[in-house]
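In order of appearance the chains are A, B, C, D and E, and numbering begins at 1 in each one.
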Amino acid sequence: MALLEIKGLKAYYGQIEALHGFDMDLEEGEITAVLGANGAGKTTTLRAICGMVKASGTITVEGENVVGMSTEAIVARHKIAHVPEGRGTFVRVSTEENLRLGAFTRRDKEIEKDYERVYHYFPRLKERRNQQAGTLSGGEQQMLAVGRALMLRPKIMLLDEPSFGLAPIITEELFKILGKINKEEGVSMLVVEQNANLALEISKDAYLLETGNVAMTGPADKIMDDEQVRKSYLGY
Amino acid sequence: MASTDVAGNVPAFLNQNPKDRIIVLGVPLPLLERVGLYVLLAAVVVLPMVYDGYDIYEFGKILMYMLAVLGLNLLTGFNGQFSLGHSAFFAVGAYSTAIMMDQLGVPYWATIIPAAAVCFVAGFLFGLPALRLDGLFLALATFALAIATPQLLKYDGIAHLTGGVQGIVLDTPYPPAWIDGIVMSITGEELSIDRWKYMFTALVAVIMFAGAWNLVHSRTGRALIAIRDNPLSAKTMGINTSVFKSAAFGVSAMYTGVAGSLFAIMDEYLAPESFTFAEAIKFLVGGVVGGIASLFGAIFGGWFVLEIPNIADLAASSLENYINNPQGLTGLIYGLFLIFTVYVMPMGAAGLAQILVHKISTRR
Amino acid sequence: MDLFIEQTVSGLASGAIYACLALAVVMIYQAIDHFNFAQGEMAMFSTYIAWYLMDDAGLGLPFWIAFVVCIIVSFIGGAAIERIVFAPISDAPVLSHIIVFIALFSMFNSLAGFLFDFTPKQFETPFGHTPLIDGVISAHRAGMVVVTLIMLAMIYAFFRYTPIGLAMRAAAAAPESARLVGIRVGFMLALGWGLAAAVGSVAGMLIAPITFLTPDMMLGTLLYGFAGAVVGGLTSPLGAVIGGFLVGILENWMGTFIVGSQLKLTVALVLIIVVLLVKPAGLLGRVVVKRV
Amino acid sequence: EARNAPGVTAKEIKIGNTNPYSGPAAAYSSIGKSVGACFDKFNSEGGVNGRQINFISVDDGYSPPRTVEQTRKLVEREKVAFVFQALGTPTNSAVHTYMNKKQVPQLFVATGATKWGDPKNFPWTMGWQPNYQSEGVVYARYVLATQPTAKIGILYQNDDYGKDYVHGLENGLGDKAGSMIVSRESFEVTDPTIDSQIVNIKNSGADTFYNVTTPKFAAQAIAKNFELSWAPLHLLNSVSNSIGSVVSKAGFEKGQGMISAAYLMDPTDPEWKSHDEYKAWNAWMDEYYPDGDKADSFTAYGWSVCHTLVKALEQAGDDLSRENIMAQAANLKNYRAPMLLPGITVNTSATDFYPIEQWQLMRLKGEGWERFGDIIDGSVGSGS
Amino acid sequence: MSTEILEVEGVQVRFGGIVALDGVSFTMPEGKIVGLIGPNGAGKTTLFNCLSRLYVPNEGDIRFKGKTILQSPPHHIAQIGIGRTFQNLALFSTMSVLENVMVGAHSASSSDFMSNALRLPWRGREERKLRESSAELIDYLGLGDVAHTVVGGLPFGTQKRVELARALASEPELLLMDEPAGGLNHDELEELGSVIQQIRDERGMTVLLVEHHMGLVMSISDKVVAIDFGKKISEGTPEEVQNDPEVIRAYLGTGH
């Protein structure tokens, strides 16, 4: 059974149905890419997994249906780290306090070490460690969002356009890091990404969403070969 | 992408009011709104023909509070500046009118416009330092203003104008002879003073309501809301945020101040105790319960602040058989009413109305 | 003794009152990102509970036991208010919450009068009222300053050395993000309300021996508490205490040397606003920069 | 019968009242309640002139605009015969003109301002308790007689009530007011404490302290003087001289030697325990107002003023027109309302709208007030 | 030689100890698209904020059409002819798309409190014109379907487009775009690229484009400026900058 299993997922914003009931899996230890045009429902899918929108259907994480559970419970029980769209920075506190909040549910002694790990990946954050996080540049905040997610030592990572606003050199670096963490720590990842080349490269499987439904799914390399995907997402 | 070379070839969506698409009980919403507005206006006109005495006096008070609440709505609801101090502007309006009548012998009807001007200036001036105060800091500043107001009114240095702790007793605002004459020739009765006070209040209230309506649905209104939603980007769009915010303070103070003038004329008496912090709270409650960014909401708010204490009073008295001295619990019941109101309509009456309209229109 | 010194000391003593309440204001601000206008009335009501616990007509408990019980009861009460009254409207706009604060204000005020009537009650103090130093300050006021400082140290430590303090601020300012990192926002809110109510109850029990216990005891005091907290900086407990003392002293100086007692409050408030114009985040408050 | 006021039937007399049951002045609500309880007693004993009293007491929150609304509602919708014991100076002021224009009696208003006794301009309005100014005069005379060189410091609440007291003292001192009064400090009801003011008064070199404060602040002032080790001649206004709710709370030891004036019996004073009027009051409290606070002197006040009204209504007999009710209220001769101090009576006439104008001075000794000297006539109001 | 519409000269901005811009100078030829690139935190947005006068440079000068803008208050900038979009959406979230765009045209209209409250006739005419021109823009950017929708709930990419429409509404001569391509897929990106070129060609606007998507920047820019740590490190045609070893080291990485 997959680590994360979605069946018949529908999601709602008030009266509006944004997702129309599709299935999606994330296997343990794998990276899965989610592609889709503007407004296709990628963000909504990730939000539904975390209990941030009203949803129906089932979302099974580690054998437990999480639909209807509170966000904080889902996140804490299944060690899911979410890099949200718009970054979700705690703008009033410092960079380092943001990282500390990322580790809020942890009780182990390794937290200090993990600061250093994040700072190692993103040296820029170390330079800005005591700065009010709201004044960081857009890309710096994006690094912070990823760093904060890593602070949880997650089992599953949901990444909503993690390369958003990052310089090319950092984007490249980021995907190396994600690949490394996935390999070394076995963290499973669901990656929403417009930078489809990079995402598909590290993914095993991929989904293509279109207006609230899954339009295509399969192994990442197969998807890459698809004519339409190549044209719309890969640009060659 | 569509090209737009042909001048005057306006996209279809512009001519189509989005509200036209909402059909309530078979009638499109804008029509319903317009009819509602006319019905309301008609009611305002008809009321004095039906009611007299205390009843019509109460309707006048509702309109008066409506204006005061409207003032706060313009500032807090539309412009995002929080005020706990509008009792001060209410006082400035009332005292301007009273002092003009009492000291200068100006007839009551002639005091409204100068009082409005005084309040605008007062509000504008207060708005200047308020520019630098954000959120809670502005709340504190206005709170302080509300607390200081009665003390300033009592201050010995200006007591010869304000009447100090004694307040001012005003002359009765008799209707002009020609109006009396017209009414007499139509009805054969003399126009009662209560009816006249109401008519005068209604006239002022309707004019000012229309002004607010125009203002909100205009470039100015959009700028005010833009500042509320995102001050920095509003500035970048070319909006002089300082001027707009201070002016919003001025206009808001003017509305509440004119309400104060009408209050003085209606009650023929004023004293510092009528302008305490509790009054500012009243306006805020009226604004939020009606719907803070809604003009219609202000009407409901005006009614609410006037009537809810009576209802609480009544509810308390009805407990007579179960509790001793239930009147001591009026405050408790008032509080419960407020909480209940927020539960039922967290976005105010206007918000509730919107939801209901939506429900009715989608069910069909 | 020199009038200046005497007024200053007297200002410090009333400042201690404001500082107490300002601490409660800071506490709730950290928890809900806003003022709670009912805070004073809640503290007043807590004090009545303590009075009832101590009074012969009530339970007749000794002071310190009543003190502790009152703090616990207030904590539970504060948390319960959050869960019962505010949790269901957590999505409502802030202004609607303010209306509920006003409602709570009215309810506690009314209930206190109904249950305990309006005659001033004497509230015991373990320190006694003996005059100290030439009759400039009483033992209770001195004790009050000490308790305030102890409370300050505890609150400071809470925010400085426990992760909960940080999480509480995060939950108040950005609930959605807070949930994403696993913070139980509802719990934090309830905890914040509980702690604020507890701090408020201590403030009430310290203030009551001076002002006497009446349902309107906090009516005016709250403004000074707000002012103290704001001047000091809403995010800083130390700032709140300093702010409280400053407001107390300033008010006395104004009333005595500058404008006379009739306008002292007005002028003191104007001065506070001037301070804020110069230092918008208060004396020790963290300046929060917004950028695009 | 035809001439009867609205609200009067063969079976009932409807009487209106406004009182602060909520808001900052709710402490006075016990007046409204005790008046109501007093009417309950009369009603259960067959009523007044064979009619039941229907006492409609409504909340105005001490807010003048609300008083206007409530009073108009009482008069125009409830159609009460008259309004009785409406509480507060600003509140009554707000309907002063209205009541007189409408010619509805505004009887025995519950405030001591001087302006209520003005039959020429306001023939439909009458106070009851001795006015604040007259009390001030009484203290002034006492100071002039005992300490002609006193230096007086005044602490007063910044409203009509406080200012009336100050005027009374000034009037009583006459020419010497300027030289004798060395300090005037005011406070607002919303002030948390009056500490700073007292420090100032003490520092002004005053040796006499004229304390015009309401109960909470009075208790604070007594305690604060003690803390400052300041022991002036302390003149405490009657508003706050209740043993039960002020002096005992502040601490008897802190207030020894204070001077005050009274016209009512203090129900907490053991001296009255065996007095018939006290006993009647006590029995009534037990039966009709059991949850009332016996230490609260407002209950004695309510009891007494209620009797005064009943007396006037009885005098009116079956002619219960508004004119006659007013005329009878202005025709009370040496009426002894219960719980007035021995020797004090109610007297009114067509030109004298001040029902009670007498005081007796007293001094705090041990745990009670010790009255001294004669009953003093403080009538000034009509003259000033 | 084309005239230089914007001249940035030695601009320095400090935040406490942090030097966000450290003496940047460059110029922009009129009617061209200039790409501004640089690593995260290089100071690009800070420069934008200086250009829209939200920040005050500690040193240096900025001249628009030959005149310094440092004396103008922020709300004059739109009137002078500089419009912008924001990196992290700064829309008026409770307003509809149409209203947002109409606010964008604020500086191009003039009715005031008084004329609006009294509903003077000329005000009505202005309002109508404003609505029509805003509607055209909305149509132009393909936002017609959502014209009356409140912007708060729109997908990210759509909101970005609303920002663009709003900035265009004041008909600026110089348009500053801060990462307009965020969250767009390849198709959408190409469309955006052609829109920007159209803006230049049809509307004659000069565009300063900040973007991390090299494909877009390099394909449409006439000139590229690269900065790092607040200093200019390279300037020239897209090819030149793309092959500048310093730019590759600091910004592009080896992948390009």
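FYI, a residue touches a chain if its C-beta (ideal position, glycine included) is under 8 Å from a C-beta of that chain, and two chains touch if they have at least 3 such contacts.
Since we're looking at a predicted model, the values are computed, not measured.
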Handout entry: If a chain touches chain C and chain D alike, it appears here
Key = B
Exercise for the section: Starting at chain A, find the fewest moves between touching chains needed to arrive at chain C. Expected result: 1
Problem - Label of the chain whose CA centroid is most distant from the centroid of chain B - result: A
Handout entry: Between the pairs B-D and B-E, the one where more C-beta pairs touch
Key = B-E
Practice task
Round to the nearest whole Å and give the separation of the Cα centres of chain A and chain D.
Solution key: 74
Problem - chain C and chain E, separation of their C-alpha mean positions in angstrom - result: 48
Fill in the blank from the handout: Distance in whole angstrom between the CA centres of chain B and chain C is 33
Handout entry: Inter-centroid spacing, chain E versus chain D (mean Cα positions, whole Å)
Key = 73
Completion exercise
Contacts with two or more other chains occur in chain C at residues 106, 109-110, 113, 223, 262, 265, 290-292
Completion exercise
Among chain E residues, those touching two or more other chains are 45, 54, 86-88, 90
Handout entry: Set of chain B residues in contact with two or more other chains
Key = 147, 151, 154, 232-233, 325, 328, 330-331, 334
Practice task
Go through the chains and record each pair that touches.
Solution key: A-C, A-E, B-C, B-D, B-E, C-D, C-E
Fill in the blank from the handout: Within their complex, chain D touches chain C through residues 22, 24, 26-27, 29-30, 158, 185-193, 195-197, 199-200, 203, 215-216, 219-220, 223, 226-230, 242, 244-246, 248-251, 293, 295-296
Completion exercise
Counting only contacts in the complex, chain E reaches chain A at residues 15, 18, 38-42, 44-46, 87-88, 153-158, 179, 182-190, 212, 214-215, 250-256
Practice task
Under the touch definition given earlier, write down the residues of chain A that touch chain C in their complex.
Solution key: 50, 52, 70-72, 75-76, 82, 84, 88-93, 97, 100-102, 104-105, 132, 134-135, 148, 152
Exercise for the section: Can you check the complex and tell me which residues of chain B touch chain D? Expected result: 53-54, 57-58, 61, 147, 150-151, 154, 164-167, 169, 263, 267-274, 276, 278-279, 306, 309, 313, 316, 324-325, 327-328, 330-331, 334
Exercise for the section: Quick one: which bits of chain C touch chain B in the complex? Just the residue numbers, please. Expected result: 29, 34-35, 85, 88-89, 91-93, 95-96, 98-100, 102-107, 109-111, 113-114, 223, 226-227, 230, 234, 262-263, 265-266, 269-270, 272-273, 276-277, 280, 290, 292
